[in-house]
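One chain, subunit A, appears in both complexes that follow, with subunit B as partner in the first and subunit C in the second.
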Partner chain A sequence: MKTNRKSDLAKREERTAYKLLLPALIILLLIAIYPLGQVFYTSFTDRQFASGQETEFIGFDNYRRLLSVTVQQLEPLVDEETNQIVIDEETAKVIYERPIDVLPREPIRYREYRQFNLMGNRYVLGATDVDFIDAIKNTLVFTVTSVFLELVLGLGIALVVNSNFKGKGVTRTAMLIPWAVITVVSARMWEWMLAPNRTGMFNMLLDRFGLTEGSIAFLASSSFQLPAMIAVDVWKTTPFMALLLLAGLQTIPDELYEAAAIDGAGPVKQFFSITFPLLKPAMAVALIFRTLDALRVFDVFQVLLGQSEYSMATYNYFQLIGNRNMGLASAIGVIIFIIIFGFAIIYIKSLGVEMDETS
Partner chain B sequence: MNKRIWLSVLMVLVLMFGLLAGCGSPAEEPAEEPTEEEPVEEPSEDEVVITVAAGAVGQELELTQMAAQMYMDDNPGVIVEVLDTPDLAQDRLGLYLQFFEAQSSEVDVYQIDVIWPGDLEEHFVDLYDYGADAVVGDHFPAIVENNTVEGRLVAIPWFTDAGLLYYRTDLLEKYEFDPPETWEELAQQAQTIQQGERDEGNQDFVGFVWQGDAYEGLTCNALEWIASNDGGTIISPDGLITINNDNAVEMIDMAATWVGTISPEGVTGMAEEDARAIWQGGNAAFMRNWPYAYSLGQEDDSAVKDRFDVSPLPAGANGEPAATLGGWQLAVSRYSENPEIAADVALFMASYDMQKMRAVDGSLNPTIMELYEDDDVLEAAPFFGSLYDVFTNAVARPSTASAPNYNAVSTAFFRAVHNVLNGNTDAATALEELELDLQDITGFDIE
Partner chain C sequence: MRPHKTFRQRLLKIGFYFILLIIFIYLLFPFYWAVNSSLKTEAQLQMTPATMVPRDPATGEFAPTLQNYRVVFDNQQFVRGIMNSTIIAFSTTALALVAGSFAAFALGKLRFRGKKPTLYLILAMTMFPQVTVLAGLYAVIRTLSLPALISLILSYMIFTLPFTTWVLTSFFRGLPMALLESAQVDGATPFQTFYKIMLPLTAPALVTTGLLAFIAAWNEYLFALTFTSIEPTARTVPVAIAYFTGAVARQEPFGEIMAAAVLVTVPIVILVLVFQRRIVAGLTAGAVKG
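So, the complex of A and B:
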């Protein structure tokens, strides 16, 4: 810990610093804290979007509607005459009660999300808003997978363009093109490439190589939707990741590598003993940026999937614009905020990012 | 430690602000872009600018711009700008709602869907105050009634729509079929033709294309299947939830068997224009679409020119053919700075001559009854005469019964159907769930 006694000069400097920071703080208050406060407040009401209807304060109801989950046990069906458990003749499996009969309906109705087996019993997981739970799941899968792939590919690209070769300036610039394209535009482009018949590039290629009949519905069938989203995002943001890592690589002095080479360390050893540890801070910053960004993904999902599969942000948009449920949409916004906040803290703690030199 | 937390709060705040700002901005952007046909000069002080938010499906935008030009030629003091809006109905609604929430005077005249008057009436003026009573009697009474809320005429009918079956006359002749009268016949014919054409080398040929993406268009399509099999209209006009019945289950299960057989896998991602692209390229035997696709199909660059015709949609085993009522109206914003002129523009665009032009050039169905007897119109779109009954008997979506919750009802419905089409569940389970969802949304009783 630092000492509490400070010199007069230091105190004066500190005061000047606060005065200089004041305008920035005021702007932050106006453009970030105020609207966010408004969102927090609205999330406790039943406000309607673009409507003159009166707004009422409803406490935590919006949150309850979004997040309530329950687990109920499903009993095996029993034949009334023989008192024996009913077994499906074809699959030889026990038939259970239907979740729709088991899940509670008051005060809010629970819908089936998943069924699972545990210690020989069958359970159903019910949620009041299955779509939102799905949206959270989609967003998390999307975030973890795409950021991981971007990190691996970005690191590879950064290492390549960091070496000395002819035309490296051009390569570095060209590599940024996907990142510079507006997301909605690149999403449309991908929409054409992913078209469900042979007018789409991927179906055409798959057909040309005789792998499929050229009619895979990448954007409409559930098993391809998320992978397609991840592919679009990886294509688009890998250059950004590479750029951040490249900046980190360039701060590593060449002398270290020279010394290591003299001591007999090969390229692999050099990478793990010099590059990797010295790159960690840059990597941490890049990871935080990308993760927090990926968690609020909106444009790719909205353009490519619309109402058929949601991310947290597109579900928010749907509740606000489609259903005009401004209160509920605000609650979703707050939940997204909390999830992102959680991620930020985990990252900053676990990666040991030095944000403040004196601490 | 504390400082780290504060720093992360700060970062999250900045990021969140980006998210919120990102959600809000698209409304303003399209307004800035000048369309090609606009005069370049800046409006002088005594000139009034009227902005019309209009659709751009098929030829709609060009036709609206032509009408705007004609109005400007007659009224030198007025500049009519046409704002291009998204193709998908609920994207368009989203854009409009942002204008309404801000009470913006940016747009004066809105093109609104037949299902919106009930939900949006508070944002529009009463056109009876601006001379609509003189013309309202010429339009279809059912649509006028749909657009009237508590005695106020919130929108003037502009064009009407009903789902039609487009079929290839040359292929039906080749395989010796008559236009199908039931869905089962359609499936059989589509299967035969698809197989035959593929064997002859057109690998991309499909039997039947329709609108299966998860959006309002799927509600229209699925309502036609169900209504044509005597399965009701989701919610009955007197406010009972009727969707969970055997006839509806039967039809939705049947439609699910089309996906991947007579229709491509990708049909569950198709909207009107996606289906038309396949059809107009000559790669489909049947298509379900609105009348606008007729005149586009007859254009010179169309592969199906003079090789197709339209008929009423097929019926289910237990019912009569049904077509969903669509169509668009023009409404004048309450927040307009010049409501008189805006109303005049709206009434001009919906007038006899303009509707005639749109019918002849764009095969957009007039809402003025007399136009169905006009020789020029019948020559350009002969089916207006022969399918007159389809247009007058079209089945309305339950928008009046479920207002102001129609959008939530429709979304729950098309998502449930989409799930069945994708094979995630079967129709009986999906509709049983849907019935309870609709009860949660509307509070209505289940039949």
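So, the complex of A and C:
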């Protein structure tokens, strides 16, 4: 009788649990799991938005179009009469044949991405979708650089705020302000500070210190675009990094430092033998969060660079909304997913993070 | 020896406060610059070199103006954006808290088969890159022909619901089991136990996760831009600010944009400052183990 009652209770508890889980699971199924399946499936089709055209299954064509790269050697041009290599008279450099002549056109046309020299030969790197290859490169450079800078600056700020001084509370409060600014808003704030003449804060300062003429087009010239994106992101997210690291620092007991000081260890030694190793778990988690976040960067790129330079996410948006090419956009989504997944695996393996707190 | 040491200490102290000053300038200056620019007229904005405070172009005297703020409040798109964002952020928060606390109670306190896989699913979802499902979600929304506001509220569950569930689960788990058992002995159903006894106890965690969900929803741009592309009246604040153009077609009206930027940032900053302890705790919850 007693066991029966108990199993009744257990059954009732189980039923309640399922009922309570149902809303969350239905929502996640509708907005995440089903669309994810849809994206995987659509990535193998040529589906277009709002077109009468029949959708066809095209296998890996979208992926091939996005990711195909080739390296071709460029031959120096030879003068037909003298049989000598043609040299540019002004620059005294060897003239090579045009990349368009060597890059394959079938089945998909390759375009020039970069030229480079290796072992005395000239090569051209061609890609079928130069913009996407560029978007991957931009995103990776952006991610690695900004996350690294955020870690260094965040650690510096966290160490400063963790020491005892008057105004500690105010500083910690100030740290939250960049975090609270909407990303789009911070992008536009920086857009104005980066204005290409002396109405902009940066050009005004550079001019005042006599470093430049004060007319750098930070957002239009290709050598400043990525650094500008990184600067905006670092400003906005360093506080988040600092907060996570600060929380980690506060878990390190003071006794350890006291003991180390008695043993004659200086601040530098204390940092590397106590702070750094004990902060590693917090750093690992902060790094994972920030890296995965940076890999899907959208807001700053979309607002500040639009279609002049892409991140993976803004290229996805452009193909979906601008080109209405749903198949291709889906394939981009899948590629982003795989890249992010890859990073997550690498992190978890190499840092030995224990993500599971439950038993 | 002694004077030398105090000199050294003083130097260290000065160095420390100097670093602190640099940190402060770095964190706050861009926002100051936005406030400064929002108080300038078009003519003052075009002054070269740019001035650190609004100055009269002729006399150089301090001359701020509230003109930009007046224009922003008259801008229908912006005002509608604030309304849309408010509706969306509140609804997202409410839905995430209801569905999330239901799920979290089950995961944190009840025994049932399939608990572990569900937990793993939720945890994996907290890392889910939204951009991956952009195309698929857009297709779902178009198929169901959902209005943009509803589709944004639903799609924001992708990043609010798993996080809310995860944090609340660990909170529920921390509550004593005796509460649940004594309620059961008193004849309460598990659901009654949940909303009469457990839920009031989780109020602090609800506030924390609710705030973070609200801010995340207020901040979101990718889905907002995509799903309002065919329904401009549903644009949220970030989209409105990204598309901000003046009443007259001319150069980008940065004075107005900065005024709008300040207006949408100040409430969030106040919210964050009031609840800073909770927010820091929420941000670090689950991320850092004690």
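One rule holds in what follows: the second predicted complex is superposed on the first by the 320 of 359 C-alpha atoms of A that agree within 3 Å, B and C clash if a C-alpha of one lies under 4 Å from a C-alpha of the other, contacts with A are read in each partner's own complex, and residues count from 1 in each chain.
Everything that follows uses one rule, which is that contacts are C-beta pairs under 8 Å (C-beta built on N, C-alpha and C of every residue); 3 or more make two chains touch, one makes a residue touch a chain.
Here the structure is a predicted model, which means the values were calculated and not measured.
In the overlay built on the shared chain, the residue A:V185 is in contact with subunit C alone; subunit B does not reach it.
Judged by the touch definition given at the top, the superposed model places A:S222 against subunit B, while subunit C stays out of reach.
By the touch criterion stated above, A:I100 is placed in contact with subunit B alone, subunit C being left untouched.
Once the two complexes are laid over each other on the shared chain, residue contacts for A:R111 go to subunit B alone; subunit C is not touched. When the shared chain is aligned, no partner comes close enough to touch A:F276: not subunit B, not subunit C.
By the touch criterion defined above, A:R208 reaches subunit C but does not reach subunit B.
In the superposition on chain A, A:I345 makes contact with subunit B only, while subunit C stays out of contact range. In the superposed pair of complexes, A:F60 makes contact with neither subunit B nor subunit C. Between subunit B and subunit C, C touches the greater number of residues of subunit A. Contacts of A:S308 after superposition: subunit B is touched, whereas subunit C is not reached. Shared contact residues of subunit A, touching subunit B in one structure and subunit C in the other: 28, 31-32, 35-36, 39, 49, 195, 197-198, 214, 292, 296, 298-299, 313, 316-317, 320-321, 333, 336-337, 340, 344, 355-356. Subunit B meets subunit A in the complex at residues 1, 3-5, 7-20, 22-23, 88, 90, 93-94, 97-98, 100-101, 122-123, 203-204, 212-215, 264-269, 278, 404, 407-408, 411, 414-415, 418, 422, 424, 432-433, 436-437, 440.
Put simply, subunit C touches subunit A in their complex at residues 16-17, 19-20, 23-24, 26-28, 30-31, 33-34, 37, 45-50, 95, 98-100, 102-103, 105-107, 110-113, 115-116, 118-121, 123, 125, 127-140, 142, 154-155, 157-158, 161-162, 165, 170, 173, 184, 189-191, 194, 215, 218-219, 221-222, 225-226, 229, 237-239, 241-242, 244, 254, 257-258, 261, 264-265, 268-269, 271-273, 276, 279-280, 283-284, 286-290.
Partner subunit B is touched in their complex by these residues of subunit A: 28, 31-33, 35-36, 39, 49-52, 100, 105, 109, 111, 195-198, 213-217, 219-222, 288, 292-293, 296, 298-299, 306-308, 313, 316-318, 320-324, 333, 336-337, 340-341, 344-345, 348-349, 353, 355-356, 359.
Residues of subunit A touching subunit C in their complex: 9-10, 12-14, 16-21, 23-25, 27-28, 30-32, 34-39, 42, 49, 157, 160, 163, 165, 167, 171-186, 188-190, 192-193, 195, 197-201, 204, 207-208, 214, 235, 239-240, 243-244, 247-248, 251, 281-282, 285-286, 289, 292, 295-296, 298-299, 302-303, 312-313, 316-317, 320-321, 326, 329-330, 333-334, 336-337, 340, 344, 355-358.
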